[in-house]
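Attaching a single structure in structure tokens format; questions to follow.
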Amino acid sequence: MRISAGSTPEVRPFGPLRGGAADAARSLVASARLAWAIEGNWAQPVYLAAFLIVRPLAFLGLFLAVLSIGGSLDVATIGFVVVGQAVFQIVSAALEGPTHALLDDRERYRTIRYIFATPSSLLPVSIGRSLVKASIAGFSALIVIGAGVLLGVPMRAGGPDLLLLVVVLPLGLLSVVGLGIVLGGICVQLRNDAWSYPEAVSSTVFLLCGAIFPLEVLPDPVQGISAALPITWWIEGLRRALLGTTSPGILGAMPTNELLLILAAGTAVIWLISPRLFVAGINRAREKGQLDRNTAS
Amino acid sequence: MSGSTSPAAVQATGIGRVFDAKGGPVTALDGIDLRIEPGELFGVLGPNGAGKSTLIKILSTLLLPSTGSASIFGLDVVTETARVRRIMNLVAGGDFSGYGLLTVREQLAMFAQFYGLPYREGMAKVDAQIASFGIEEIRDRKISALSTGQRQKLNFARSFLNDPWILFLDEPTIGLDVSAARDVRDRVRAFQAEQPGRTVLLTTHYMAEADEMCDRIAIVDHGRILAQGTPTELKRMVQKDALFVVGIDALPASMSLDSLRALPGVISVAARDADGSDASGVGSPMRRLAIGLKEDGALGGVISALAAGGAHLQEISKSEPTLEEVFVQLVGRGISESDEASNGE
Amino acid sequence: MGSSVVGAEAASLISRIHEETSWSLGRRIRHAFVSVVARAYPRVIGAAREPSWLFFDLVFPILGMCSIVFLLRSRGVDEAWIASTILATALLSFWISVVWMMGAQFHWERDSGNLLLYITAPVGLGAIALGMAIGGALGVVIRAVIITVAGVLLFGAKYQVADPFLLALVILAGVAAMYSLGVCLSSVFLISGREADHLGSLLNEPMQLLGGVYAPVRSMGTAGVVALGILPLAPAIDALRQVAVPQLAATGILPVGVELLILLVMTIVFGVIGRVLLAHIERVGRAGGKLLARAD
């Protein structure tokens, strides 16, 4: 094809980040709608309800039962676990969401090649799907907090610290979604057990982020890793916003403004690198022929 | 063919099957009567949704009929399922069954045990089938690494392990390339030839496959058998008269198609491959004529008349309708149109 | 093309076929036995063929075990509970296998097309399920051992087993009862259709709680007592705790002998119910046409 001098052919960047802001917004909304349709498509709503209610409550019950081995529980300990367990519902959904969305599209619905062939980007599509999963998990989080209230956990007098909540909630969510898309970019390159890695990461993060026990019980070197995770400070920030108290030990020693600074800086760093890692992952998967490959895994 | 009094390999009487569906009951089979002789290769031809697979499921004990009865070599498919399963096997097209982590040989060995073969005999049969299908080079390859064609060969090898007296083949060559499809057809023929009495019931979309392989064929649509017989018998149903194609250098100027039609025993004459001829064909360069005759013997008069007019004969062939034409006449539409219609439902 | 066999030849053929299909009781038992072995085989070799499966089958329980151990340490409880947690995690790996590799298995087999081949083969679903159970249990043994060793190395747990035979008996009875329940679950999952995955998730954590896996079933009150009678995990873990960690013997709800008896009864009862359910599944599947074959 010849291009005459002076004419500028429209060249759209080819790859997972192509398209403009309007395209991205449209993709985000469309993928969120799709995710809602998929997630809500349960043959029997009773299973959905049980899944969203019984499972997180069983986790909570399990942790409280284990804690009760050490003697009767005070409401502060219950509150610590309740908020950590509640928030982690969202953490695991957002961490695993982008990978599951990509793998669902690749393995189950076999639509990833068609999405990739559109002018849209896979990035907003993955984020949209992830956000909906996180929102649905938010329902479970509310159930867990409600259970905590029933167990006598004293919430912050006068209601949640809305200012803190408004700052902490989106920052933390962004950081988790950012980590989730990095995982998506990595897992889409894998052939075997791609589904299992996000869950393994999520379980490891659960162990590290002080969701149900203070960081002090972890070995010293591990505590450093925990402190470097924005998720650790997200959960602590939400505890302060909801319970109005600080946690014991290392977590509680962090002043709230510094906690916010760490969370904001961590989120910024994550978003500085995560889209690039996602793009690199998708491109590598394309090079390896893994992008639309059905691995039957 | 035998009379209806001798024992049958498959005997179905008034088989009906109604499925419950959201929009109300759906009739998949509606009073199917079928008799297949031992040793026959019987084809069931029909569009998607015609009821072919439902029929195979009932006969292979996977599904109960809503009405009617059926037996395999005299064993009732409803009440004597265990005994029926000891003498049958099944291959479905597009089947991806098996355990991906097993090798081809391990997978076959596992099924040999399920089919009740003593271990040594089973392993000998496994190796024999691997050799017979020419898949020795993949015998130690994991199932998950097989191509579609290799998987289907594996399925066939599995289905032959227990030397079934009746083999159900449900669209067995679907998705296979020409070479792989030919291989499995050859193996089915060889399988039947090895032991008199082995019976095969085949459902297929492919007219040529049915025409080439089947002793008899039933054409099914909307759960009913519209016609059954040998491929030749079915074709005769469409074309009761003899049809010849006669190639000549040109139609003599002294003759017309009408004058040929007036000859004794001639029913119809039509121009084929007409090249710029007018409707009558007079004086035009014409090479091939399709001539319908009451009987083959009338052809002599036609040839003589053409020769007398000065035409030079170049070819004579007897033309038969295809199964596709039989299908169109019976069903009222082509098989691909039927599939589109049923897919759109 | 085939050549048909007619007349007297056909009659003789059919009488031969009828003779071939009349299997003696001995042959049927032998066939069931070899079918069990054949179905167990893929399970036993699975871990060796797919090391990544083994990796993930170990990573998740070990991470879960670490969470519980740190939770216990945050409360400064007796280290005997950590020893108990390690054993509980090892036993739990059998339960997870029961849920996913027994309960959800026939559902998966249906979607992959295997179930159709099982139904049309002269092998009963009972033999297939038993093969799945035995193969599954054998495959999990190595995982359970690795989890226990990892737990001991990571957390320095100590055990005092006075009667190794009794310990082996408790584990065997617990595993048998769990897999017996798994046979029942396989039918239930098949009926639940596309909600099978969710059903599996629901049988995980809630059953860990009810079964008193990490904390004595006593803490669950009446629900815990009921669990002792219907959930194999509960008596199995309670007995295991008493036999392997004597410091916790006082936390036992019932004497070990009684719990062994409960597990034995569960094995038999669930086995019978499982058999009935499998027959029911086949009957309903053949009648309805949807349960046994994948939706194409």
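Going by the order they are written in, the chains are A, B and C; count residues from 1 in each one.
The rule is short, and it goes like this: a residue touches a chain if its C-beta (ideal position, glycine included) is under 8 Å from a C-beta of that chain, and two chains touch if they have at least 3 such contacts.
All values derive from a computational prediction rather than experimental measurement.
For this structure, the chains sharing the highest number of C-beta contacts are B-C.
The chain with its Cα centre farthest from the Cα centre of chain C is B.
Measuring from the average of all protein CA coordinates, the nearest chain centre is that of C. Chain A and chain B, compared by their mean Cα positions, are separated by 56 Å.
In whole angstrom, the spacing between the mean C-alpha positions of chain B and chain C is 46.
Our note on geometry: chain A versus chain C, Cα centroid distance of 33 Å, whole angstroms. Annotation for chain C: residues 50 touch two or more other chains. Against chain A, in their complex, chain C makes its touches with residues 50, 52-53, 56, 59-60, 63-64, 66-68, 70-77, 81, 193-195, 198-199, 201-202, 204-206, 208-209, 213-216, 219-220.
In the complex of the two chains, the chain B residues touching chain C come out as 1-2, 6-8, 17, 19-20, 37-41, 54, 57, 60-64, 73-75, 82-90, 92, 95-99, 101-102, 106, 109-111, 113-116, 119, 142, 158, 165, 189, 192-193, 196-200, 213-215. The touching residues of chain C, when paired with chain B in their complex, are 1-7, 9-11, 13-14, 17-18, 20-23, 27, 31, 34-35, 37-39, 41-42, 45-46, 49-50, 112-114, 116-123, 286-289, 292-293.
By the touch criterion given at the top, residues 42-44, 47-48, 50-51, 54-55, 58-59, 61-63, 65-71, 192-193, 196, 199-200, 203-204, 206-207, 212-214, 216-218 of chain A touch chain C in their complex.
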